[in-house]
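As written, the chain order gives the labels A, B, C, D, E, F, G, H, I, J, K and L, with residue 1 at the start of each chain.
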Amino acid sequence: MSDHVYKISEVVGTSHKSSDHAIENAVSRARGTLRNMRWYEVAGQRGMIEEDGTIQYQVVLKVGFVIEE
Amino acid sequence: MSDHVYKISEVVGTSHKSSDHAIENAVSRARGTLRNMRWYEVAGQRGMIEEDGTIQYQVVLKVGFVIEE
Amino acid sequence: MSDHVYKISEVVGTSHKSSDHAIENAVSRARGTLRNMRWYEVAGQRGMIEEDGTIQYQVVLKVGFVIEE
Amino acid sequence: MSDHVYKISEVVGTSHKSSDHAIENAVSRARGTLRNMRWYEVAGQRGMIEEDGTIQYQVVLKVGFVIEE
Amino acid sequence: MSDHVYKISEVVGTSHKSSDHAIENAVSRARGTLRNMRWYEVAGQRGMIEEDGTIQYQVVLKVGFVIEE
Amino acid sequence: MSDHVYKISEVVGTSHKSSDHAIENAVSRARGTLRNMRWYEVAGQRGMIEEDGTIQYQVVLKVGFVIEE
Amino acid sequence: MSDHVYKISEVVGTSHKSSDHAIENAVSRARGTLRNMRWYEVAGQRGMIEEDGTIQYQVVLKVGFVIEE
Amino acid sequence: MSDHVYKISEVVGTSHKSSDHAIENAVSRARGTLRNMRWYEVAGQRGMIEEDGTIQYQVVLKVGFVIEE
Amino acid sequence: MSDHVYKISEVVGTSHKSSDHAIENAVSRARGTLRNMRWYEVAGQRGMIEEDGTIQYQVVLKVGFVIEE
Amino acid sequence: MSDHVYKISEVVGTSHKSSDHAIENAVSRARGTLRNMRWYEVAGQRGMIEEDGTIQYQVVLKVGFVIEE
Amino acid sequence: MSDHVYKISEVVGTSHKSSDHAIENAVSRARGTLRNMRWYEVAGQRGMIEEDGTIQYQVVLKVGFVIEE
Amino acid sequence: MSDHVYKISEVVGTSHKSSDHAIENAVSRARGTLRNMRWYEVAGQRGMIEEDGTIQYQVVLKVGFVIEE
């Protein structure tokens, strides 16, 4: 196991479908700019409630990725 | 953005179907008595395990709503 | 196990006798207005110290009860 | 010191002027419905940033008041 | 309600399907060795991100069960 | 002071008498299976409220004991 | 209500009798050196388990007192 | 409400004038590089005390902004 | 940068004017007895609400200072 | 990446040499009984101070290992 | 003391040698891209345990640096 | 085990050599004024990064000692 240095970025994914989908949205969006993502940790879960009662799930993630040498 | 005052109520939704469904149950039940709900924050996730291994998902929510003038 | 929705209220019981008595005071007082209380969780323990050194025990409780349909 | 039972309510005050003003708004609004308020505790501080950079200060308060006998 | 003594064990369930499925995996696996499981509490949610962006959901649970006399 | 390795187990004691009695129940029950218990730390205090208002005190303990060589 | 400045000291009371007695021991011992004590907050509860299973209750307190002008 | 992905950056604002001014400094400085800032959350408040007793207020903010598509 | 040892004292400043003024009161009062104060960290914010709705702001500070050799 | 279920055990390593050595002692002692250990997380660091000022470093670890099928 | 604005980045250093070496690796790696680093705060300590019992120390750091004007 | 009352003081040790050395500096310095020190708990770990990248390790300790009768 090599002694890498990792960086942790905090992102918030949102979705009208499900909490897990909010995580997927955040991960797939972050993969566009951050290479070598390895893990995430859920740092909070929230939601917005729209006028008709519809829920927007929001998940705060700490995403870890390798800093390229 | 008007300078409203909001109130936060703590509720627990439960469901045998999924964690998100427990959130929906809490939100839709709370909408019956609390008007102008705007957001929630997940304050805890638990579950009961029945004798046959069935899970009841329980989600503790802090729900925010506008105090009507 | 039915899929109820619960509400959590925060109360503070006090007593010059003991910490447990402060809990009992809060629970029995809350039962006057909240029906169907099921559980509590201790969220903090404090006390006031009077001039002669007498202690007033204070216990902060989160009390859970069924929202009646 | 009498052995009262207290209730704690969570409210969010907001203000475009200052953090302290957000607290004052929450306290004075809550005094309209809750009698015998005695203390509060700051449970969180946030803010909204409007398009032109203006800040709306938001303070989450736990407000304690005597339950009337 | 009898005055049982309970033990709490910490387990981590994982799943490529969903967060709830990770909980179910942990509960059903633990039921193989721990009898009389009654409840769990979510103590953390994490995930591994594989090279192609696939997510492995990981949920840390504190599981409570009756200690048999 | 020898350089032992200790293990920490999490248990929940319950009692209809008092919070301290719930601790004693947990400790005396755990002593039946865990030798060389040395200390505990209270990790949470809860209670169940029965229909007639009777309280079952519940105390979550982290119990430390020497791992025998 | 005058605008005093208060100091907070952290002490640990112990007792073989009860948790509340451990609090009383800490408060009455602290009153010997700190004048004008007003309140305390419980910051932790622990215990030592002696060889025969006897418990020494330990309560960590943050004690507040007025700084004399 | 569109399902954006947000990023959260942590910054520290400082000011010799007031805590709120430290927040404003952080927000206005961050707006120079981060577009679409929407909210912040206070994650800590500290201060430096200079030799003559002057205070530099320091506020740690978590700032949220939309990741542009 | 010399390898000093620092001590941290916990104090509570109060003010009817503002939260920042409560901090200033605590710092200037503490400077009377503690030399070489360098920094503080806000550990809590509370307030008392007087009968007419006036607020006394209270800020809990952890103050750090060099232990003189 | 297979969907294993993991268990987390809490142990305390001690050492008169260093904090890292306390970790190593806990890990190597735990490997005697727990197979397939994969990771640990530091949950606390403490120490005992002997009469002559010698320090015994103590590190609380949460150790994760695969539950064998 | 000038009223700078600082940014805080979260990084994870790793090392097979020691916890402090993991910190040094993170700091020296981060200095390659972040100028004007001033301080760090340890936000977590973990480790991986390899098949032969070798430990990889991992330290999560929040690193603070001046935002250049 | 006698029912002593203990006091807890918060100190910060610093060192350019190592984290453990920072602990030792704090303990040996505190032993000059506080008799009967028994234990400490690490409450935080930080560091200053000097211009050339040199690290000053800083460890925040809560030190417990017997209050002499």
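Keep in mind that, in the parts below, a contact is a pair of C-beta atoms (placed from the backbone, for glycine too) under 8 Å apart; a residue touches a chain by one contact, two chains touch by 3 or more.
Keep in mind that this is a model prediction, so the values were computed, not measured.
**Student:** Spelling it out: a chain qualifies if it touches subunit B and also touches subunit F; which chains qualify?
**Tutor:** Under the touch definition, subunit B and subunit F have C, E as mutual neighbours.
**Student:** Which chain has its C-alpha centre farthest away from the C-alpha centre of subunit B?
**Tutor:** L
**Student:** Can you work out the whole-Å distance between the CA centroids of subunit D and subunit E?
**Tutor:** Roughly 38 Å separates the two chain centres.
**Student:** Measure off the straight-line distance from the CA centroid of subunit D to the CA centroid of subunit H, and report it in whole Å.
**Tutor:** So the centre of subunit D lies 22 Å away from the centre of subunit H.
**Student:** Cα centroid separation between subunit B and subunit D, in whole Å?
**Tutor:** Their C-alpha centroids are separated by 22 Å.
**Student:** Can you list the residues of subunit B that touch 2 or more other chains?
**Tutor:** Where subunit B meets two or more other chains at a single residue, that happens at 9-10, 19, 48.
**Student:** Identify every two-chain combination in which the chains touch.
**Tutor:** Applying the touch rule to all chain pairs gives A-B, A-E, A-H, A-K, B-C, B-D, B-E, C-D, C-F, C-G, D-H, D-I, E-F, E-J, F-G, F-J, G-I, G-L, H-I, H-K, I-L, J-K, J-L, K-L.
**Student:** Please give the residue numbers of subunit B that touch subunit C in the complex, ascending.
**Tutor:** Touch list, subunit B to subunit C: 9-16, 22, 25-26, 29-30, 48, 50, 56, 60.
**Student:** Could you pull out which subunit L residues touch subunit J in their complex?
**Tutor:** 19-20, 23-24, 27-28, 31, 37-42, 63
**Student:** Taking the touch rule as given, give the residues of subunit K at its contact with subunit H in the complex, in rising order.
**Tutor:** Result: residues 1, 3-10, 62, 64, 67 of subunit K touch subunit H.
**Student:** State the interface residues of subunit G toward subunit F in the complex, per the touch definition above.
**Tutor:** So the residues of subunit G touching subunit F come out as 18-19, 44-49, 53, 55, 57.
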